[in-house]
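Presented sequentially are two complexes of subunit A, the first with subunit B as partner and the second with subunit C.
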Partner chain A sequence: MARKPAVKKAETPEFRFRRLDGGFLVTNDFGGHAFLSNSDFSRYSAGRLAPGGKVYDALAAGGFVKDRLNFDNLSGNWRARNESVFHGTGLHIFVLTLRCNHKCAYCQSSVAGEKAKNLDMSLPVAKKSVDLAFQSPRNAITIEFQGGEPLANWDVLRGTIKYARLREKKTGKKLTLALVSNFSLMDEAKASFLLENEVSICTSLDGPEALHNANRTYAGGNSHKQTAKWLKYFNARHDSQYGLKYRIFKPSALLTVSRRSLGRGKEVVDEYIGRGLEEIFLRPLAPIGYAKKHWDSIGYTPEEFLKFYKEALRYILLKNKAGVKIREKFAVMLLSKILKSRDSGYLDMRCPCGASVGQLAYNYNGDVYTCDEARMVGWGGDDIFKAGTVNDKYEDIISSPVTKTVCASSNLESQPLCHRCAYKPYCGVCPVVNYEAQRSIWGQMPANYRCRLLTGLFDFLFGLLKDAKSRAILESWVDAGASR
Partner chain B sequence: MKKEFKVDPGLYSEEALGLAANVASCARVAVKKSPRGLAVEIEAEEPDAAFRDFMNEALNQQCRIDLVKKNFKTSQLILANALVSALGQKNSREG
Partner chain C sequence: MTILVDPKKYSLQTIRYAAYALSGDNHVLLASQKGRIAVSFSGKAGGVPAGLKKLFLRELEDEKFRERLFAENSELHYWMIKRAINYVPAESKPKEEFGLTPEQEKELEQLIAQVESEIKLGKDDPKGITKTWEQKYGKKARR
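Let's look at the complex of A and B:
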């Protein structure tokens, strides 16, 4: 009896899926993704998708067909997407002082008043911090000066920059220096010193004048005016640097989205464009430290943030279509992984997270924390995330129970819901946020604020990728590379 | 008000219950082990509601414990790589 020949089917290796826009998104641990119609998904998941079609070929290329796996390519993709797992601590955050002359509504840095005593880092502690940072095995490290307002401790900032540059020469490591400042204490002499020492400059800009000043109260006057003045100065210095013996980086700005920002996404984007900035980071508030205590007045639900984000990003895409050069950093960081299997260096979205192994936060008094958010929890009186002090050896901090525990708890292979989530290949959890919001470093994802927010963000971005015009713009952003 | 609830030891380990007890915010929870099995004593204004919250967290912890067992090798390999690389060494299992 003649039998109908068996059709070779697409055997399915492990994959994850999520209903999206009337179809399905499938992803895998190699970082591959594909959009499937309901019928193709049914066939594929049942192993009944016949070879030869466009869908089959796309799935095969993404590592979704068992007998067509190119392990060299796929494992290379996994490694590239998780590159940070193979290097040492790259980011070293120095909190030079907790003092600040601003009283911001969200005050993420948990600062004290301008005249508070004993909250400055001393030069000996700063030098020890530099020595500790240079113990990282990484060939290239970044030291970021934060506060408080770091310019309020100028002499130590100046001395630390000089010392760090000396250590750079001595060790041969590549050193990037970065300053996050509100510019209120900036002057020509300081600016020139910073630029001559190739310090990249970042400030806070929350939007147009009224919004910015409402968020960022400055006893000394108009915060927005100072920000605008010095952004203009640093932009001009960047644009006219030809012939100099040192490089001047384009200044950047950080946006903190508070409740006041909701519904004002377009104004905020226009402000960034108007100030000559080519990148905007639509950054949600983290419900930790000071912000957690005042959440009812400054915070929002994940859904409210997502509404703001979608509105602003659609507007940015429109601006791009009109030829304006501006891109959104959150999208760039997530899409680097999704589209290019590239590690964006975003420490909160790694597996494990960047706790100690990606970043360290050095407090003014020499205490060392797994990250800056962990330092803020410490300022609130709970030192659960303190990994050591500047008197310790780097390897002791990395080997500390705190580092091991935080890294283990942010490993997505041990997170029940994350393990099954379609966005696992591109996502990460934050034990500090979990601890602050849910009293457990592991958190409970079904009810987790950050998880709801990120899931919505991924849904939106994957939805945009289905639209050819939006996709082309998003791809161009990723091709240009993430700045940090 | 105090109330004691029995818990199925076939579903929940003492470890998961202990971890959940540490996370509980609106109740005092004591995990009790006896030859008859596991029980939790809840002291709260509304012990039944607190018990439901507690068991939600216990389920979360138990799922995590089970997953860690299942994914032990992969999980440990990634973790070891991150920690060993940060120390400037190479994970010998990676080659």
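Let's look at the complex of A and C:
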């Protein structure tokens, strides 16, 4: 059995640091963080911080003092934050079709026109996909139906839901079903079937009508009108579910921030509040797929996104102070790790990233990719991230060279800049985005778009945590997340 | 811009990491030059950003500290990670639902003592069931 090594001279265990707002932020791999003034940091890093003071006690509680390490707490924190890597793949994304009746300005899904041929998943492929998903050793799995527009392949969607629910009963695993739809093909019968089978519903809502429709071109008319109509319907069904034998989840919406959104953060937040949504995800564009081709017209710099994000988040905090219930999902996911040492389920921010070990993407033709973004790269003609097909066994996919390579390249311990970064305990890299943006799955972090954006985001959130009132609101968001 | 760094003061690894950290906006070339390391920067957008030398020297100091910190703690750090990987939270012991308070304990002892004395007196044993054969009938007669 391994024995604890003897304590050496230095009184500080391994930690990371970053200059922030005129002082220092220190973090460690075991869930601790603390803000230090320049003078306290100098004393602490030299091992000369006197025991017993307020700063010393705060550092000791966070696992920053070598002879005051609580190994049980620290091990538990680390384990909880990395829990996902011990249980197998949880998220299984089924691309039921590549056809879509929208032509969104940023679409990452690499879709084809509504009338395109041979781009639908067949029921036999869908069943094999379900069987493969259920081979994951994880007790609770989620199948998310995406596209294209998944409702365009309704018969297969309906058959897959029925089959998956049967498999759930047979295996005893807990199954969550989710649908991402633009609602343009939704009708009462489809909606009822989905709700009766406890499928959670998610759509896209980019803001007020003019902004939404400018981003999300719909050949059949007004995309925003459809979205608003069905959000209202699903909200009403959720609110009036008392006495039903099945659960109806509150609908949710995804926002993609394009260049058109910049400067309109408050309007976007008001739109979400007005539609009865309690969560908004201020999601930046990823420079992959269709978005990559049109980056000059729809993209922005990390600094431009951060300006938008800060303005919108400060507005959300003001709304919270006024008693309005709404929280921002990106912040919640990062703060779950920062404040609670808990994995938020955000696969792009895991170490290693969620590719294969956290999610698998099943393409319409039965090809299986390490994640949905990887599938989009495949659609562009490069199958570098293809881990197998639905005819393979789960264990073959999870131990494939592709999976191993993606895991290795997204391990922050082997990323020279990330390994030394104060935000390493909360962050993650995306080999697919690296590959698309920098032609290397490892990327080059000092020049990496995503790294600059996330670093700015962490700086902003940690800055907010120093303010007691903002911190209280942010903590309540994370606490609320635990009960949802 | 070229900065000469003394490898006796900063390890090659420290110099490399400090240079890499600033390679986002700059092309960086490291070369050996008369026993020193020449770190040459050229801005990707042309020219060299203002304050780059100061920034690099600060990165060098930061990296030197990190290198020492990691070296002194790597054994402990990886021991803690291994421990975390194998960590199984201790199951909380179920509460003893039927535990007695000291008062209840005392009351129970008194009750037991009372019952035992009553048995001895035969109050609750009119047929002498609790008595031995000898107590009831005396010693067995020899045949």
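By definition in this document, the second predicted complex is superposed on the first by the 471 of 484 C-alpha atoms of A that agree within 3 Å, B and C clash if a C-alpha of one lies under 4 Å from a C-alpha of the other, contacts with A are read in each partner's own complex, and residues count from 1 in each chain.
Methods note: a contact is a pair of C-beta atoms (placed from the backbone, for glycine too) under 8 Å apart; a residue touches a chain by one contact, two chains touch by 3 or more.
Predicted model only: the values in this text are computed from it and were never measured.
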Contacts of A:12 with subunit B and subunit C, given as first, second, both or neither: second
Touched partner set for A:444, first subunit B, second subunit C, both or neither: both
Contacts of A:395 with subunit B and subunit C, given as first, second, both or neither: first
Subunit B versus subunit C as contact partner of A:408, first or second or both or neither: first
Contacts of A:30 with subunit B and subunit C, given as first, second, both or neither: second
First, second, both or neither for A:416, with subunit B first and subunit C second: both
First (subunit B), second (subunit C), both or neither touched by A:45: second
A:78 touches, of subunit B and subunit C: first, second, both or neither? second
Doubly contacted subunit A residues - partners subunit C and subunit B: 82, 416, 444
List of subunit A residues in touch with subunit B within their complex: 82, 85-89, 136-137, 351-352, 356-357, 395, 398-399, 403-404, 407-408, 411, 413-416, 419, 438-440, 442, 444
Subunit A-facing residues of subunit B, complex: 19, 22-23, 25, 56-57, 60-61, 63-64, 67-68, 71, 74-75, 78-79, 81-83, 85-88
In the complex, subunit C residues that touch subunit A: 17, 20-25, 44, 62-63, 65-66, 68-70, 72-77, 79-85, 87, 89-90
Touch list for subunit A against partner subunit C, complex: 2, 4-5, 7-10, 12-15, 17, 29-30, 45, 66, 69, 71-72, 74-79, 82, 416-417, 420, 444-448, 452
